[in-house]
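Two complexes come next, and they have one chain in common, chain A, joined by chain B in the first and chain C in the second.
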Partner chain A sequence: MTSSGGLRGYFVRSENARGFSLLAPTLILLVLMMVIPIIMLVARSFWTQSGMIETADFSLVNYQMFFEKKIYLYVLGKSLLISGSVTFATLILAYPAAYFVAFRVKKNKLIWLILITVPFWTSYLLRVFAWKLMLGYNGVVNSGLIGIGIIDEPLGFLLHNVNAVVLTLAHAWAAFAILPIYVSLEKIDKSLLEAAADLGEGPIRSFLRVTLPLSMPGVIAASLLVFIPTVGDYVTPKLVGGSSGIMIGNLVTNMFGRGNNWPMGSAIAVMMMISITLVVCIYLWLISQVKKRSN
Partner chain B sequence: MTTVAIDIRGVSKVYNPGSNQAVQALDTVSLTINDNEFFTLLGPSGCGKTTLLRLIAGFEQVTGGEIMLFDEEIENLEPSQRPVNTVFQHYALFPHMTVAQNVAFGLERLKKPQAEIDATVERVLSLVKMKELGDRRPNQLSGGQQQRVALARALAPSPKVLLLDEPLSALDLKLRQNMREELKQLQRETGITFVFVTHDQEEALAMSDRIAVMSNGEVQQIGAPTDIYEHPVNRFVADFIGDTNFLDGEITSVNDDLVTCRVGSESLFEAANSGNHSVGDQVTLFLRPEKITLSAAGDASRQGRVANIVYLGNQAAYTVDMGDGIELTAQARPREDGNLPFATNDTISVDYSARALRVLAK
Partner chain C sequence: MKKTKFGTLGVYTVLYLAFLYVPVLFIPLFSFNDSIYIAFPLKEFTLRHYADMIEREPLINALYNSLKVGIVVSIVSTVFGMLAAKTFTKYRIPGSKSLTAFISIPLVIPLIILGISLLTVLKSVGVTLSLITIGAAHTVICIPFAMFVLISRLEGFDKSMEEAAQDLGESPWMTFWRVTFPLAMPGIIASLLLCFTISFDEFILAFFLGSDEPTLPLYMWSQLRFPAKLPSVLALGSVIFITSFFLVCFAEWVRRRGVQTQTGSAI
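Let's look at the complex of A and B:
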C-alpha cells in the first residue's frame, strides 16, 4: 500500500470529505438549479420597478400591494381551492385504477402500469389541447351529445370555466397519483384481507378497516404530489379556464411578461410558496391528529 | 356421544385446472373431525395441509367432494360467514392496530356494547397471558407474543372450530415446547375443536387426540398418536413418524402369531404376524430403535459390531452392523459417570422381542 499523504490521504481518512465528494454532483446541480434561483426570487421580491427601471433597494412595496389589491389574495385563495378540488378528483379517479391493478390484475402488472402511464408520455400541452377539443363548443362531447339526440345545441358551459380546469388538471396528474397509491396497495399482505374475512367482515368493511388505512401513506403522498405543483399551474387555466378559471400562476406569468414587473411577480410567487407550505403543514398536522385519535 | 364437527367427503382440489400449470393438491380426501377434538394434519411440506385448511376456512373452493360443518353444507358460505377462525402461519396481524384492537376486530361486527367487547378482549388476552401488552403495536412484539395475539384474535369471537396453520413453526425450540402445552391446555379449557397443521411429527404426537398423516395430497392414515406410531399402515407413515429400522425381505414361514422372514442372503428374522401373510411374500419389516436393547457381548442370540455413534446428550444413537449387509439403529443411555457404554468396533449383543418387529405391506 502507498502511504496516504496529501490530498488523497485526506479523502481516505475523512468520512465527511468522502461523503461530500460522493454527493457533489447532485449537490452542485441542486444549488445551481434550486437554491440560487429561489434566493434570487426572494431577493427580487423586495426590489421595486417603476416603468422600465428596476431598483435594487429593499422595499416592502410589492407585499403591500399584494395585500391591498384584493385581486391577488382572491386569486391565490381560488388557486388553492382549485388545486384542492383537483387533488380530490385525482384521488377519486386514481384510487380505483390503482386498486384494480394491485388486486384484480393477476398477470403482467407491469404492462398494465405502462399502459396507464402511456398517455403521460405525450406533452403536457398536447394533453391540455386534447381536452380543449373534447370540451369545446364544436368539440367531441357536444357533437356526440347532439349526434345521439340528447341536446339540440352545443353546451356552452363545458369549456372556459373552473370545472374544465379541474377536469383537465385531474387527468393530467392522474399518473402521479396512481403510482404511489398502487405501491402502497401492492405492499399490503394479502393474508391480512383473508384474516379480515376470516373474522367475519365482508368486502366493504374489510376495505374500510384494513385496505384503506394501510394504503393511506400512498394516498397522502399522492395528494402532495398533485396539490403542490398544480397550485402554480398556468398553462391549463390559460387554455381551458377562460376568465373565471384564472389562477395565481397566470398572474405571475403576467408580471414577468406583459406586465413587465419582475419584482411584483417575484413577490406573488413567494406568497404562493408560503401559502402552499402552510396548507401542506396544516394538512400533515391534521393527519397526525387523526392518527393519534385512532389509537 | 361424539358429534362430528367437520366431515370431509371425498374432497379434491386442483389449482389452475385445465392449464399446463395444473396442480392436484388434494386427491379424494375423506376424514371426520369430532367436536372438542384436537385434530392434527401432519405431513411433509407440499402435501396439501394448508390447502385443506383453506378449503375449510373458505379461501379456496373444492374441485370435487364436499365439506360439512356440523352437518351443514358450507360450500356456498363466504369465509366471513363460516363459524371457523384461522390462526395464520405468519400471524397476519393488522399492523395499523394495537394488540387490543386486533383482538377486538372480529367482535365489533357483532354489534355488542363496547363494555362487553372490552371485557371479552381482556379475558382472551389474559387467556394467552398478554393482558399487559394490549396497547402495543404488532411490530413491537416478539414472535412468540405475536403468535399469542394471533391466537387471541381468532379465539375472541368464540368460533366453533379453530384452524391453526403451523402456528409454532416460526418460534425457537424452547418457546415451541412451552406453547405446545399451552395450546393443548387452551383447547381443553375452551372445548373448541382445533384443527392443527404441522410438519413436525413430535409436535403432532405430543398434542393431538388424533392425527391424519398426509402425503402427496392423500391421507395415508388416521389414528391416535400411539396408533400412528406403533401401527403405521405403510412405509411412508412409519418413516415419517419417528426413527425406524427397515428390513426388506421375503417370508419363509408363517405360524399363528409369528412369521419368519429372510433378509439379506441368509439372515432370518421373526416378526409379529399381523395376518394375511403367506410364504414367498416380499415384505418390509420395521423395528423402532427404542425397542432394541444393547448390552455387552454375551449369550444373546444376535450380536453385531458398532459401526457408528451419534451422541445426543441424554442418549446416543448406535448404528450396529449385523453382518449380511444389515444395519440396525438403536439407542443407549450414557452411564452414570457420563461415558458411553460402548465404543466403535465393539462387539455387542442386540436384543428385541419378536413382537416388536412388525410387517409392513410392501
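Let's look at the complex of A and C:
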C-alpha cells in the first residue's frame, strides 16, 4: 500500500503479526518449559548409566533392558489395564448421576453440581489417604463390620492390592468424568428427545439412538481426562496399592530416586508416553468406526 | 419417566454422592477424635489436634511456602493466560485451533512426565531446585486453565467497546487498562483463584522439583508415614477443605455474576 510505516506499519496493519506477537510469550514459555524438556527426556533415554557415571552416547541399552526384563512390560501393561478399568468404572458410575442432574433436576442445578464437586476440594493426597482409613486393617470398614458382628477378625485383603487402587482412583477422579458428561448432556436439544418419543421410540431406544450418541463428546473427553493422568499416578499405588498394586509411575520414580538411573527412568517414561498415545489412538479410531457403522 | 419425580435415577445419584462423600468425611471426623489412632470406636471430642497443628513450626513454614508459590503462580499464569485468551478472541490468526490445542497439552500430559522432564533439563542447565522451580512447573499446568476461563469471559463481550475507545483516540495500551481489563475482571479473579487452588494442592511436580523447603502437600506426604502426626495432618486437611470450599464458591459466584451482567442469563 502506502510507502509509510516499514516494520511498525506492517505491525499495525497485519492482524496476524499482532496476534502472534501477543501469543508469543505464552508459546515461548511452553516451548522452553514443556517441549524442550520432553525432547531432552527422550534424548536422555538413549544415554547409559553405570554406577554414578552417566554417558551421553547414543545407545539402545535401556530399551533392550525394558523388553528383556519382564517386570517393565508387565507393570506397564498392568498400569494400562488398571487405568482402563478405572476409566470404565468412573464413566459407568458417573453417567447416570450426570444424566439425572442434566435431565431430571429442574430447579437448583447449580446446587447439585456443587454438591457433586465438594468432595474434590480436599487435597488429592488426603482423598487418597481417606481410602487407607476406610480399607485399612483397623480401618472404618473392618471396625464397622466387627462392630455389627459380621466378622470376628479384620479382613486383610481390603487394602494393598489392585482392587484398592482401582476403587481409590475411581473415587479420586470422579469429578473429571461427571462434569464433561454433564456439559455434553446439558447441550442436547430437548426437543429431539420429544421428537423421538412422538415417533414412538421407547425410552431405552431413544436413549441409545439419541441421547447417548449426542453425549459422546463428553464421554470421550471424560475418558481421556481420567485415563491419561491415572496411568502415571504415583500417589495412589504407593499409599493403597502395596507390592501387588505397583504401577509404572512408581518404577519411573524409583529410577529417579533410589535407583539412581535417570536414563533408564527416562526410557520407561518414554515407553509409557508411547503406549498411552497408542491406546488413545486405538480408542478414538474404534469410536469413529462405531459411528460410521451406525450411520 | 412417568414414575415419581425423583425415581430410581435420583436414588442412584444420592447413593453415588454418598460414595463420593463418605471417605472424605472421615478426615474431619477423625480430626476431632481424642486419640492418636485412626480407628473406631471414636473417643471423645477434642480440638487438641488443631492446637497441635498451629504449634507445629514446619507445618506453618510449609503452609507459608505454599501460599507464596500459589500467589505468584496464580498471577503469572493469569498474565500468560490473558495474553493467549486475548489473542484467540481478538484476532483470527491461522492455525488458532492447533495453537489452542498446543497450549492445552499440560491438561492431558501425565504430570510425572512433565516433572521428570523438567528435572532433567534443570539439572543439566545447573539450576538448583527451590520453590521457584516448583512455581515454574505449576505455571505451565495452570496456563491452560487460566486461558480457558478468560476466553469464556472475553468471548462474551462486545468488540465494539474496544473499537469505540480506540476511535476516540485511546492508545491500545490505555484501551486495555480502561476498557478490557475492567470488563474481564470477573474472569481474572476466577482465573487467579483457580490457579491458586491448583498450585496449592499440587504434589507430584513439587515432589520432583522441590528441595528441602517443602510445600504443604510435600509436608503432608512426609507426615503420612508417622501415625502419631496423622491427626494434625487430618486437622490441616479439614481446614484446607473448608477454606478452598469457600474460595471456589466465591470464584464461581464472581464468574456467574460477571456472565449475568454481560448476557443477562446464567450459563
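In this section, the second predicted complex is superposed on the first by the 284 of 295 C-alpha atoms of A that agree within 3 Å, B and C clash if a C-alpha of one lies under 4 Å from a C-alpha of the other, contacts with A are read in each partner's own complex, and residues count from 1 in each chain.
Rule of thumb we're sticking to: contacts are C-beta pairs under 8 Å (C-beta built on N, C-alpha and C of every residue); 3 or more make two chains touch, one makes a residue touch a chain.
Predicted, not measured: the structure shown is a model, and the values here were computed from it.
S.K.: Under the stated touch criterion, which partner chain does A:P213 make contact with: chain B (first), chain C (second), both, or neither?
M.R.: After superposition on chain A, A:P213 lies in contact with chain B alone.
S.K.: Taking the superposition on A as described, I'd like to know which of chain B and chain C A:Y99 touches: first, second, both or neither.
M.R.: After superposing on A, A:Y99 lies in contact with chain C but is clear of chain B.
S.K.: Which holds for A:W47: it touches chain B only (first), chain C only (second), both, or neither?
M.R.: A:W47: touches no partner chain.
S.K.: Examine A:R205 and indicate which partner it touches, taking first as chain B and second as chain C; both and neither are also allowed.
M.R.: Once the two structures are laid over each other on A, A:R205 reaches chain B alone.
S.K.: Who does A:Y182 touch here: chain B (first), chain C (second), both, or neither?
M.R.: Once the two structures are laid over each other on A, A:Y182 reaches no partner at all.
S.K.: Between chain B and chain C, which makes contact with more of the residues in chain A?
M.R.: Comparing chain B with chain C, the partner touching more chain A residues is C.
S.K.: May I ask you to decide whether A:W173 touches chain B, chain C, both, or neither, giving the answer as first, second, both or neither?
M.R.: The answer is neither, since A:W173 touches no partner chain.
S.K.: Considering only touches as defined above, state whether A:F66 meets chain B (first), chain C (second), both or neither.
M.R.: It touches nothing on chain B or chain C.
S.K.: Using the superposition on A, tell me which residues of chain A are in contact with chain B and, in the other complex, with chain C.
M.R.: No residue of chain A touches both chain B and chain C.
S.K.: Give every residue of chain C touching chain A within the complex, in rising order.
M.R.: 1, 5-7, 9-10, 12-13, 16-17, 19-24, 26-27, 30, 37-41, 80-81, 83-84, 86-88, 90-94, 99, 102-103, 105-114, 116-121, 124, 136-137, 139-140, 143, 147, 197, 201, 203-204, 207-208, 216-217, 220-221, 224, 233-234, 237, 240-241, 244-245, 248-249, 252
S.K.: Which chain A residues qualify as touching chain C in the complex?
M.R.: 15-16, 18-20, 22-23, 25-27, 29-30, 33-34, 36-38, 40-41, 44, 93-94, 96-97, 99-101, 104, 114-119, 121-127, 129-131, 133-134, 136, 138-140, 143-144, 147, 171, 174, 203, 224-225, 228-229, 231-235, 239, 249, 252-253, 256, 262, 265-266, 269, 272-273, 276
S.K.: Enumerate the contact residues on chain A facing chain B in the complex.
M.R.: So the residues of chain A touching chain B come out as 189, 191-192, 194-202, 205, 209-210, 213-214, 295.
S.K.: Would you mind writing out the residues of chain B in touch with chain A in their complex?
M.R.: Touching chain A from chain B are residues 57-59, 78-81, 84-86, 88, 90, 92-96, 98, 105-106, 109-110, 153-154, 157.
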